[in-house]
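What follows is subunit A paired twice: with subunit B in the first complex and subunit C in the second.
Coming up: the complex of A and B.
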């Protein structure tokens, strides 16, 4: 059975889309079929990491939500050549101003989104559906969390993130998410990762999926590509790989 | 043919004009269905049932009873409470019944869909 995994952060700028993109590649390199849905409709961006330019994008998630197309018509194969057995698909959101403003004003039919996830899983024979959510808590994000088999909460070593993560965790527990894990991103290299790992686990009583370093190489890449494909031996890539293994071991 | 203009410039007039040019799209019902925010406000046992249905989709009372570690009669009771509240739909009768969660719209104010099409035009 395909697993639905939401990647969420309470605040913006945590590196959520970058982690989602890298995780999808790690899962695909292990031979799995993965689709990312960019439900961050208000501020989409993950398509940039996959080099999916406007010239290649016809239909988007917005078109599906306004019933202009089937959701599979808005799914693009973004599998890089390094992936030989698995597949990576991406359902991008529109970057057109009127499309974004419409979502902000009107919202959308949650039933359509849920049905769309189901259709993607069936039609693309997926093993994993990754949902790149909008930061914070709104109804669309809550829906994604409510239907997910796993939730990965991404945070930085920042007091505001720590507080927001508590709120997200409380909601996720109420919505009965079976597997929840934390990913701490942008950790200064001089800090021992295990210190954070034990502190987070103790404070939140939640497993820590990865401790990711703040790396100048990633900053320099500036979302121009998927980092773990370029630097597979880097500590960041190794931690993402371990996160992927945790996910594949999930019941 | 002269181009139509809203007579008094108000939003109501614009809506009327848009409706006249293009019948409004059939919108999903805003009542009855459940939003995830509503789920957070449910009592724990009802919320647990909704959580199961949201992830699994169509389920029988027995499929709800097993993970919740309750008997089928209690599962039926909880499911029927959710049906009565309009959060769940029952398909079929008696032991053959299958239950499905009903999701609603997020409930933001909606303008005519034609407005957004017009924004795309020059």
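Coming up: the complex of A and C.
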């Protein structure tokens, strides 16, 4: 059965979209069919990482939510040439100002989101559906978490993130998500990753999926591409690969 | 079309009961754990059957089934049959909150119901109200409801087209109306809980805002200060031909269904002094007069008929189409085009009402009622406002005498205090002379401040015994109701507890009139549907607003409330005794005078008999008071005449 995985962080700027993009590539390289849905309607961004420009984008998630198209019509094949067996699709959110403000202002039928996920899984024969959420707790994130088989909470070594993560975890446990894991991102090189790992696991009583380094190369790339395709041997990429493996090992 | 209102029991549909909006995702966090677990599990696995759920959750299957059924009834779960014929469930998630209705919808609703209901609601409630509307999409060919179904929801079309269809006894279909963007249908059912008089078919893929009756009920029940008067006003408005506060509206063209179209045409010609064309679909020729033309249209096809009507209207004539109350394409088409359809048969036809822009039922075809109807069509409805007052109000009778004598038509009354009593008697077809005689005869019982209730009075909300007065009213009116009156009367009263102005225009007259003569604080109030009502002398003593709301185009008011200046100059001041009642009356006059100014803008002509030299208790001075009224009315006559002539 296809797995729905939500990637979430309590606060913004944790590197969620980049991690989602990289994770999707790693899963696809392992031969899986993956689709990402950018549910961050207020501040969409992951399409940039995949180089999916405005010129290529016709329908978006917004169009689907306004019932102007089927959700599959807003799914784009962004599989890079390096991936031979798997597939990566992306359902982007609109970057047009009037469309963003309209959705925020008018809202939309949340049922559609739920139904849309199911339709994508079916129509695209997906193995994994990755949901890139808006930071913080709101109705969309609650909904995504509620229907997910796995939740990856991303945080930085920052007091604000630590506190926010507790809140998110509480919600996730209440909603009974079967697999919850933490990913610590932007870790400074001077600290031993394992120190963090054990600390986090103890504090949150939750497995740690990956400890990701803060690397200047990644900062320099500035979301222009998927990092693990360019530098597959980098520590960052290796950690993402390990994360992918725990995902695929999941029941 | 089953008459059995429990037919749903026999149907195959699942009864969903009172609809809720579905589960709000945020509610998930507050639910009891077992419930939440269930909802989340269904969400993850949907569509899912009971068996799979029982296994996954490891619960007692019977308990689980009960819980699931409850959730279906609550509207949290949708249920359907899968290919194997098993019931499978999905979670219904509530729409994201803070949905804002397009502003046009408010407009449409206000226009449709011709009552600015939604402006009565405070902003916060309006926002919440927006939430109760659901945007639905329906494919071409969908049947939204059948004729005979109980009406559960109303529709405001945003896009597309919906056809409203009725079938006659031969089962031939007639299109009552086509509803496009901005149109409303199904609202009667929501307001009055009626069965559908027509079926609704989606002609072209439609998007509509849907309001469920239960939601509207809940909202109105939650805000009773708005809810109750709104519903009362709506029901009144929709059932009886009252008019919204539109100034000087004229209705042309008009369809008169049933006998009497030609009478109406004649009255209209007399009233307006301009050309009236009677377009006859029945085939009953009438004699033409200089102002009344006759056109035999019984053989005209609907398109040509509509064109003929339009041509005449554009040429500046009044058009009355006379038709029989039979379902036909012709009638439907013309009904869509007319400004108002008047049902002279008195029986009322829901399909006709649905086809018309406005629909009035006018069963009585007496010359008086026909003339009145004609005045209504050309915007010359005459309203007479009689101010509050006790003995002073006797002067109104002089005014009434003069107007009656001069043949000035009075189409409705809006009155307060003792003025209300005279208006009701006149509306019950007493002549002014008869009323004056009665007042003179019964003066002793009409005096409210005769019998003190003594020491026990302190515990009562009134100092004086109202019983003699009330038994007089009872014996005089003997069970009459507002509906028995020849002329509509609107009686202004005050709620003793809230100070709110209440306007009564229906039900038994005894209660209403007893309240009109219940001077606040001095006479025991009247319990009316749980509210304590008294004379509106301190809140709305000159109720011209009620006359406007009742549909009057021309408003003449008679006010006997003495102005403070006049009081000062009055010679009788030194003779007045300053006992409790007179002191009270002095104060109340001052307040009443100020309050009487609030609706002056609505009044076209104000007649103000000078009663300052009389005491408010001077029932023994009836003759002189009447003479005062006569004089004032005589002085105002030229102005009244010129106003009426202007209108023609």
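Simple rule for what comes next: the second predicted complex is superposed on the first by the 251 of 251 C-alpha atoms of A that agree within 3 Å, B and C clash if a C-alpha of one lies under 4 Å from a C-alpha of the other, contacts with A are read in each partner's own complex, and residues count from 1 in each chain.
Operating definition for what follows: a residue touches a chain if its C-beta (ideal position, glycine included) is under 8 Å from a C-beta of that chain, and two chains touch if they have at least 3 such contacts.
This structure is a prediction, so every number in the text was calculated from the model and none was measured.
J.: With everything superposed onto subunit A, say whether subunit B and subunit C fit together or clash.
T.: Clash: subunit B and subunit C overlap once superposed on subunit A.
J.: Please indicate which partner A:66 is in contact with in the superposed arrangement: first for subunit B, second for subunit C, both, or neither.
T.: The first partner, subunit B, only.
J.: Between subunit B and subunit C, which makes contact with more of the residues in subunit A?
T.: Greater contact footprint in residues on subunit A: B.
J.: Under the stated touch criterion, which partner chain does A:32 make contact with: subunit B (first), subunit C (second), both, or neither?
T.: Neither partner.
J.: Per the contact definition in the header, classify A:3: touching subunit B only (first), subunit C only (second), both, or neither.
T.: It touches nothing on subunit B or subunit C.
J.: Just to be sure I read the superposition right, which of the two partners does A:110 touch: subunit B = first, subunit C = second, or both, or neither?
T.: Both: A:110 reaches subunit B and subunit C.
J.: Figure out whether A:102 sits in contact with subunit B (first) or subunit C (second), or with both, or with neither.
T.: first
J.: Where on subunit A do subunit B and subunit C both make contact?
T.: 67, 105-111, 114, 118, 139, 142-143, 146-147, 149, 171, 174-176
J.: In their shared complex, at which residues does subunit A touch subunit C?
T.: 67, 105-111, 114, 118, 139, 142-143, 146-147, 149, 171, 174-176
J.: Within the complex, which stretch of subunit A touches subunit B?
T.: Touching subunit B: residues 4, 66-67, 98-99, 102, 105-111, 114, 118, 138-140, 142-143, 145-149, 171, 174-176, 178 of subunit A.
J.: Touching subunit A in the complex: which residues of subunit B?
T.: My answer: residues 25, 28, 33, 35-37, 39-40, 47-48, 51-52, 54-55, 57, 102-111, 113, 116, 119-120.
J.: Which residues of subunit C touch subunit A in the complex?
T.: 22, 24-26, 28-29, 33, 36-37, 40-41, 43-44, 46, 91-100, 137
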